Each structure stands twice: as C-alpha cells, then as structure tokens.
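So, here's a batch of structures to check.
Here come two complexes built around subunit A, the first alongside subunit B, the second alongside subunit C.
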Partner chain A sequence: MANRVYPLICYISRLTKRLNPRLMTGIILISFLILIALLAPLITWYPPLKSLVGKPFTPPNLQHPFGTDDLGRDIYTNVIYGIRTSLTIGVSSVIIALLIGVIAGVLAGYYSGIVEDVLMRLTDMTLILPQFLLALVIVAIFGQSFQNIILAIGIVSWPGIARMLRAEFLSIKERPFIEAARAVGLSDMRIIFGEILPNAIPAVIPYVVLQVNTAILVEAGLGFLGVGDPNVPSLGLMLNTAQQYLTRSWWMALFPGLVLSFLVVALNLLGDGLIDYMNPRLRKR
Partner chain B sequence: MSPLVAFVIRRLLQYIPMILVVIVVIFILVRMAPGDPTYILVGEVGDESFVQAARERLGLNKPLHEQFLIYILNVFRGDLGYSYLRSESVSKLIIDRIPATLILVLTAMFISAAVGIIIGTISAARRGILDISLSLLTLFGISIPYFWLGQMILIVFSVYLGLFPLGGMISVGMDYQGINYALDIIYHLTLPALTLAIFNIAFTTKITRGSVLEALTQDYIITARSKGIPERRVIFRHALRNALIPVVTYTGFNTGVLLVGAILTETVFAWPGMGSLLYDSIRLRDYPVVLGIFIYGSIMVIIANLIVDILYGILDPRIRMR
Partner chain C sequence: MFSSSKILEVSNLYVQYLTLQGIVKAVDGVSFSVGWGESFAIVGESGSGKSTLAFSVIRLLPENSRIVNGKILLYPENIDLVKLPEEEMRKIRGRRIGMIFQDPMTFLNPVMRIGDQIAEAIIYHQKCSPTEAKRKAVKLLEKLRIPDASDVVNRYPHQLSGGMKQRVVIAMAISCNPQLLIADEPTTALDVTVQAEVLELLKNLINEYNMSLILVTHDLGIVAEICDRVAIMYAGKIMEIGDVYRLYKNPKHPYTIGLLNAVPTIYKSKNEIAGIKGSPPNLINPPIGCRFHPRCPYVFDKCKIYEPPLIEISKSNYVACWLVG
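Now for the complex of A and B:
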C-alpha cells in the first residue's frame, strides 16, 4: 500500500513547492471555470435552451448580456451551461480513453513479443487516421446524443495515451526495483499495477490534461458542423447556429467562441505548465 | 533491386493494410449502428423500391462475410455508393471537391512552415520580453478554435470592412479568364488560408522553439561558440539545421490535423471543398457521402504519411536500413 501512495505524495508535494507561472495561471483559470460551471444555475437567470426568453436577435443589453439568438434564447445562459457541457464531455471522454489506453499501453509495454507487436501496430494505425472524422462518422450514424458524443471522442483518443504509457513502461520495467519485485516473486499483476503504473502516471498526467483539451475542441468542432445533441447546451452548436447569421448578429458567434477559447487557453496553460514542471532541463533556462 | 526500391516497397506494404483497416472500421460501424444499414449506405430517400433495389445491389440480404467481400471490392474499385439525394456517385462528388481542399491545405502549409520556423527560431534565440510575448501569441494561436477565428475574421474583414468576399472560390457571373481568374481565386483564398495558417503557424512556432532550445544545449553548439562563430550563424546554421528534423516530421505527419482544419475552415468561408460537402451532407443526412469523405480523408492522410516516410528514407540513408 505504502508503495502505491508514496509516489503520489511525492508528486503532490513537489507540485506545490515549485509552480511555474504558466502552471499557476492554468490552475487559477481552470478553478475559476470549474466554479462557474458548478454555480451555473445561481449565476444565470433564464432556464438553459429555453426559446423566446427575449426577442430573437437582440443585441447584448442588461437583461441579455450576450444578446439572444435566432430562437430568442439567452446566449449568456447557454454559454455558462456550455462550459459545463464542454468540461463534462472533455473529462468523461478522456476517462474512457484512459480505460482503453491504459490496458493497451500496459500490455504492450510489459509484455514484449506478439502482444506488443499487434497492439502497437493497431495503435499506430489508429493514430494516423483523422480522429475527428472518425468521431464524426460514429456520432452521425449512431445518433447525435450526449452519450454517443462522449463515447465517440473517448474511442478515438486512446492511442496517444497508450503510446505514452508504453514508453514509460518500457523504461521503468528495466529499473532495479522491478527486478527486485520479480526476485521476491510478485505476480505480474502486482508488478504492473502496484509497482510500474504508479511510477508511470506522473509522466502521463500533462498529456491527459492536453487530451481533455483536444476532446473539448473535437466536441466543439463536431457541434460546429452540426453534429451534436440539440438538447444539451453546447458552445460548438451555438457557433453552428451563428454561422447562418454571421452577417447580421455578430454576438451569436463572438461570445460562445470567446468562452471556448478561454477554456482552451486555460487547459493549454495547465498542460504546458505541467510539462515544463516535469522537465527540469527546460525549466532551468 | 536497389536498397531504395526495396525500402519504398516495404513502406508501401506497411501502408496498404491501413486502408484495409479504414474499410473494416467503416464496415463494422455501419453494421453495429442501430436500424437498417441500408439507410446508412443509401441515405434517407424514402422510396421503398429504391431501398429494396439498393439492398439487392449491395448484397445486404447475403451473409455477413459476403457483404464484407462485396464492400471491400467496391471500395477498391472506387465505388463508394451513390448519393440518391444528389443523383451523383459518391466518388465523383468527393473527387470534384478535392482540388479546392488541396489548394487551401497546401497554401496554409507553406505559409505556416515559412513563418513558423522563423518566429520559432527567433523566439528561442532571444530570451526575454520578445520570447515571452511570442510565446503568449503562440499560446493564443494554438488555443483559439480556428473555425471561430475564421468567423471573427469574416465578420471584421468581409462584413464590416468589406475588403474581402463573404465566401466561395470565384466571383459568380464575372467569367474571368487567365490571370484574372487566378487572381480572383487568390482574392477568395486569402481569408480561409490565413485562418488555417494562423493556427498552424502557432504550432510550427511552438515545435521549432522547443527543438531549437533543445539543440542549443548540445555540445557542438558550445564548440561552435568557442570557435568564435558569430551567434547568428551558430543559431541558423548549427542549431536550426539540426532542430529542423522534428519540425519536418511534425509538418508531414500533421496532415490529418490540417485536413480537419481545412474542413472546418471551408465551412466558415463556403470554400467549395470537401469540408463544405461534408457540412451539407450532414445537414441532408446524406450518409454515403459522410462515409465517403471519411474514407477519402483517411486515404489522403495515409498517402501524405507515406510520402513523408519515403522522403525520409531518401534524405537519411540510415532509416532505409531498418
């Protein structure tokens, strides 16, 4: 047990000791956005997605700070709930990707030979395919529901995680303490999940954060092409609607996109900050 | 057989199975989807006799393995089905759109490679305020969703300033010939290419900067400096040259991202490429075309990767041996 917890404690204590400015900004911005997402019902004054809470195509004013859209829905409300949707989709789809990626990466990294060959060929092939288009095809033919979007994005984003984990496994399994674990006769499962995985995870964390980011952008891109769940407020779908009225209502495009960019900037800062933090060679300069 | 030819053949044999994987993925997905696969392969046409005829033709009433063989043979013959909604074969619809997409992708690729490498090197060489502000710009360039950036650029430059057209590839009804025709296309291309390039410049800058920084820590840089070579020469001749390898890899293997970028950008500017076709097909629920675009897009990306791989083998003899 101590073996499992110790690396994590080390990791967290190192984390709080020396934060670089990017990481710091990232953490603050993301906490702020998560807070907004959690408090959505308290800081908005219309139900999300409700039509005709105002006159359609109203420019920004006091009742509607971001204006209203073609159906008279309040853009401010939908944008705030949109953050919620983006974060939910980003995190849940990455959890799915992690489940598949950890299994594939761990197996390929620990067992050499045919298992590794087959898994890595499969990973490489999936990595080359345009993942966005694959997600789009999945959602388009399986139905445009919230769950399907999460599943589709999760299914297309596992290969990157698998590769990273495999690389970590390959280097860690050669270290003396693994040899020691083998020598005392620990089972493969114990070695994989009790010894190697906890040591491999820190290196993968920044990548996972950036993957959440990609997932959010994929969801927005799908929404922008009209592939989304119309019953859930989505920043991408809002930009899709806005596209039809670009010449008359700029606010329909401006605000959802601004918030989406803000979200992505925050996650990029967090991810890049973590990478810098983990790579001391680059950090010193 | 010369080693180079052998190398090319080996690579070809590695990449062809990937196309097979694409087809298998599509086949499995269509069969797993809820409802009758005929509607996905034909589109929602409504006419029952049509659907029945298509079912016969695609062999959908035969056992699964026969369906699979029929499907693979059809794809390799270039037959991706027929779009009943548009009365046109799917392949023809897509192939007609490929040149426009390629123009956009290649223009953006060249602009971003040139600009990104220069900015990235400068950013790495000059630490301090310039580097920090360039890094910030890069961060925004990477983060801002380019389709939204395109919308903003369109609103400012076309809707409010009226400097550029609202969309399309040529001015309708002008019938330009020769040089004017080319100029007209460039005029329409400017904003979409700029949008796509901005995103990619940011990425190229980021990769170049990291790569040059890495190269600057190497021993041969210390050697070069201690020999008294001017700093500018050290950076551009010694560091950048070695730093370019990851940048080139990135540019080559990034085609998939750029293709998706083009698809989204085209939608904003109504640029008549594969993206606009995809957008319309999603709206019309013209599934055969959506599937076709995935297949063609994947094949384009596979070919681009193959080209980069082979170029590598030609440029670097060590890789050929592996």
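Now for the complex of A and C:
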C-alpha cells in the first residue's frame, strides 16, 4: 500500500510546485464548492424553498444553522442549493457564450473581408450595450424563468470571447504551419478546428473562467433586483428579501452574502492564477 | 519509361506583388519544364523570385500577389494550375504535388502530435480510418529512418531535434505519394551533417518512388548532389538552364560564372571570396535591357537596350545572353 501511495504524493507535490499559490487556492476552493453543490441533498435536512420548516425569523440555532427567513424557510438549505444554482447558471451561460463567441470569432478571424466586417460590427454592437442592462431587458421581455436567465447571460457575454479568438486567429493563421497544412491540401474547416483552434484556446481559458464569475454575479444581480426565477433557490433573490428585514434579522443577509463572496473570490483566484499559469513569461521555472 | 515525357510545364509565367511602394515583378516571364522522374533545381540569390516561382506552382502565394499571365500545366491531363478553382487545387496539393518547407521548426503545428499531423493528409486524401492512417504514418517515419517511430508519432514537435522535424516535414509531403515534390530550401535550417543525411534520404526517396523534384535553393553544392538540371534565376528571370554537368563545367552566362566563382572550394586556398560586384536590382523598377547588365563585367551597348531571349545552345541548354548567339 505504502509504495503505491508514495509515488502519488510525489506526483501531487511536484504538481503543486508548478502551480502558483493563487491557482492552487482557487482550485481547492472551487473543488470544495463543487463538492458541496453536488452533495447538497446529503448535507441538508429540509427540502429547498419549503416554507414554514421552522418559525419565521428564527436566529441561527442547531436545527437551523443559518436561521430562517420571513417565510420560515431554512437559510442553510437554500444557501447550499443556491451554490448549485449559481454554478449551473455560470457554467451553462458561459457554454452558450462560447458557442456563439467561438463561431463568430473563428469565422471573423479566418475569413477576412465582408464576413469579418459584419461579424465584428455585430460584436461591437453587443459590446457597447451594458451587459447587465441588456440581460435585465431580455429577462424582463421573455419572462423570469431559469432557462431565460441562462440564455440572457449567455447572449450578453459572447463578444469578449469572439474578439479574443479573432485576435488569436489573425496571428496564428499567418504562421508557417498553417501554410504547410494548406500545402497538404486540407480543407478550411480542418485548418480552422484542427490546426488553429487548439493553438488559440489556451489564450481564452482564463477569460472564460472569469466569465463564469461575471455570469454568477449577473445572476445574483438579477435576483437582487427581483427578476430572478422565484422557483429556484438563488443567492441574489435571498439577498433581495433580506434587505427588507436587515435591521431585525441580520442572518438573512449575512450568510447568502458570505457564500456569494466566497464563490466569487474562489473563481477570481482560479482565473487570475490561470492567467499567470498560461503565460510562460510570468511563470517561474 | 517516362523519362522523356514532361510532368510539369511552366510557360511565360508572370507573378507580381502589390506593395505600397509599387508593383514588384517577382517572376517575369519564366518558362521551363520538368520531366518525369527528373530533379530540377532553381538557383538564385535572395529576392530573385525563386521561392515565388515554387509557391506559384502549388498556388500558395501571399494575398497581395497575383499571377498576371502564363500557364502552369500539369501532365498527363494538361491541367492548367493557374486557372484551376481552389476546390480542385486542394485535391492536387498533397496528392499530386507535395511541398517540403524551409524551416521545420515553424512548419509543424506545436499542439498536434507528430503522428496526427502526418495522418491528417492521409485521412483527407485517401479517405482511410484514423488508425489506418496512423499506422501508415509510423511506416513512413520508419522509411525515413527515424528510430523508434512508433514512439515518435506520439510526441509533440518540441520534443524532436531539427533533423527529425525536417524528416517529419518530408514524411508529410510524401504521405500521399505525390508525383512531384517541391522543396523550398529544405536544408537551410539544418546543421551541415544533418543536411547531408536529409539530402541522401531525399535522393533515395526520389529514386525509389520515381518522383520528380523541384529544388529551390541558393546552395550550389546541394544542386550538384541531387539534381539533373538547373535553372539559374536572377531578378525574376531565368538566366541559364542546362544539365548540371554542363553548367558547372562550362557555364555560359556571366552571372552563372560569377556565382560559381563565388563558391569557396577546399582545393584552392583563396584569401578572399570572389563576389559579384553590386547588388540585385529593385524589382519595382528593373533595369531596361538585360537585367544583369549593371553588374556584368562583359556588358556592351546592346545589353543596355534589348533584353536577350533564352537562346538554345544545345539540346535543353539555354542561355539568356547576347554574348552567346
């Protein structure tokens, strides 16, 4: 047993030496949060969003570690499920943003001329609109459902990805190995997705992680302004309710707020650490 | 069997670059042909248009260039590569004409495994499964005498040495058994000892597969090593074409004579290398008459006004100089 565990420890310690402390902390915190989100039904003992599981406005005690809110819902349960919601919305909206952003950026970067002009002006048009306001308008028009919120956040956050990918493509497509790929007769699609995209992806990874962060904040903001989906436990929505009772029950605002900050800090550390890690000039050998 | 028939014929080709300073006439009325199984060298100094010529055959010129006039015929079907649509051209590249590039360090994709890069063209042209293509890639590398080929296919370019990378580039070029191989200065980026190895390999491959070769280089030593015929280019024009033996033994054009004189030898000790005085002309405004006349030691009045055509001096030997004829 011991001689199996030892190489593993060596491997991990070697890995940690290569990672910078911020990235390391980010990875640990995020894995912890993801674990909590996955195990939510096992570590809570009330159903989420169920009202009157306790007396309304109960301060933190053993049954309700974070207290209860105005409708007698258990805040601890809702916070744990709120992490789940935040991460789901963050990740899925970024996947939507990636789909749009990759297509737009890749086409604009590879084909110059009219394709590039049209796509880039479209990107600029989306970029000048304030992200949060645009998401607010989309949700207000199409309704406050979970899917609409994800779509809205996805639609407002693709331009950055498109711009970065286009810039990467512009420089990579001039490199000699692309010419070599043309010389063996490969098609445009193979060159774009097989040759250029794998070279361009490392540059956008940190940005994408930070974009998850922004998406979570936008969702919380929407919830805080009261346009979140009321059928899903959301940290933003909880903070919105809490502000009315801030003077009489502090726990309603404190715990969702703390957890939200924790989530954002963890993602920021991860994103920032990745920027340093991916940039060979900043990496210490 | 096919030694007398042609595989490629370039006739009266004009290629220009549009730049802010004006139109650069990089290739200006060039004609030559390459026979089946023949090794043809295009020699010239930097900026003489030799690489442009090679790249226009496979139609991989930069965006600011255009082929103004001329024909590039690929035999036996007589396809004119100048007029061929891009879709059709793609099928020719790799399968009919392979290309070996100058610098193997930059011509390999840094994030793809060696085997995948070689397999890519095989999958595209021969429509076989990825595992099959990968097996062929290993075979190709073994053929190119790369030790431990089955391990090398799983490596990335940065894990290989320069000579190995150049061999991978050659493997990519010959992966679909092209009949014509274009090599653009294939050994300039390599050490001299590795150069010899790669050349030897190239020579064997050409003989084994009966491929034709167009070698673009400025190294006259390489030419003597593997080529049958040579074209000497200067300022976008061919100055002299001939078989290697005749041209080295008995150069006719003053520029060829100058080039051969400029090569240092190990037999005679020279204190100085005999260069050709002056520098190549600006190809936006090339000199009137013979392009070489401002630097030519034998210049006379006719050279400054009339441009000499390629004059046949014997079978398949041509010289563009008023001194001959």
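Miscellaneous remarks
Here, the second predicted complex is superposed on the first by the 264 of 285 C-alpha atoms of A that agree within 3 Å, B and C clash if a C-alpha of one lies under 4 Å from a C-alpha of the other, contacts with A are read in each partner's own complex, and residues count from 1 in each chain.
Here is the rule we go by: a contact is a pair of C-beta atoms (placed from the backbone, for glycine too) under 8 Å apart; a residue touches a chain by one contact, two chains touch by 3 or more.
Since the model is a prediction, treat every value here as computed from it, not as a measurement.
Judged by the touch definition given at the top, the superposed model places A:268 against subunit B, while subunit C stays out of reach. Judged by the touch definition given at the top, the superposed model places A:176 against subunit C, while subunit B stays out of reach.
Annotation for subunit A, partner touching more residues between subunit B and subunit C: B. When the two complexes are overlaid on their common chain A, residue A:186 makes contact with subunit C while staying clear of subunit B.
Of the two partner chains, subunit C is the only one touched by A:199; subunit B is not. Looking at subunit A, you'll find no residue that touches subunit B in one structure and subunit C in the other. Contact residues of subunit B toward subunit A in the complex are 17-18, 21-22, 25-26, 29-30, 32-34, 40, 127, 139-140, 142-145, 147-149, 151-152, 154-155, 159, 166, 210, 213, 217, 253, 256, 259-260, 263-264, 267-268, 278-279, 282-283, 287, 290-291, 293-294, 297-298, 301-302, 305. Against subunit A, in their complex, subunit C makes its touches with residues 58, 60, 90-95, 98-99, 101, 103, 106-112, 120-121, 124-125, 169, 172-173, 175-176.
Subunit A contributes residues 175-177, 179-187, 190, 194-195, 198-199 to its touches with subunit C in the complex. Only residues 125, 128-134, 136-138, 140-143, 217, 220-221, 224-227, 239, 242-243, 246-247, 250, 253-254, 256-257, 260-261, 264-265, 268-269, 272, 281-282, 285 of subunit A touch subunit B when the two sit together in their complex.
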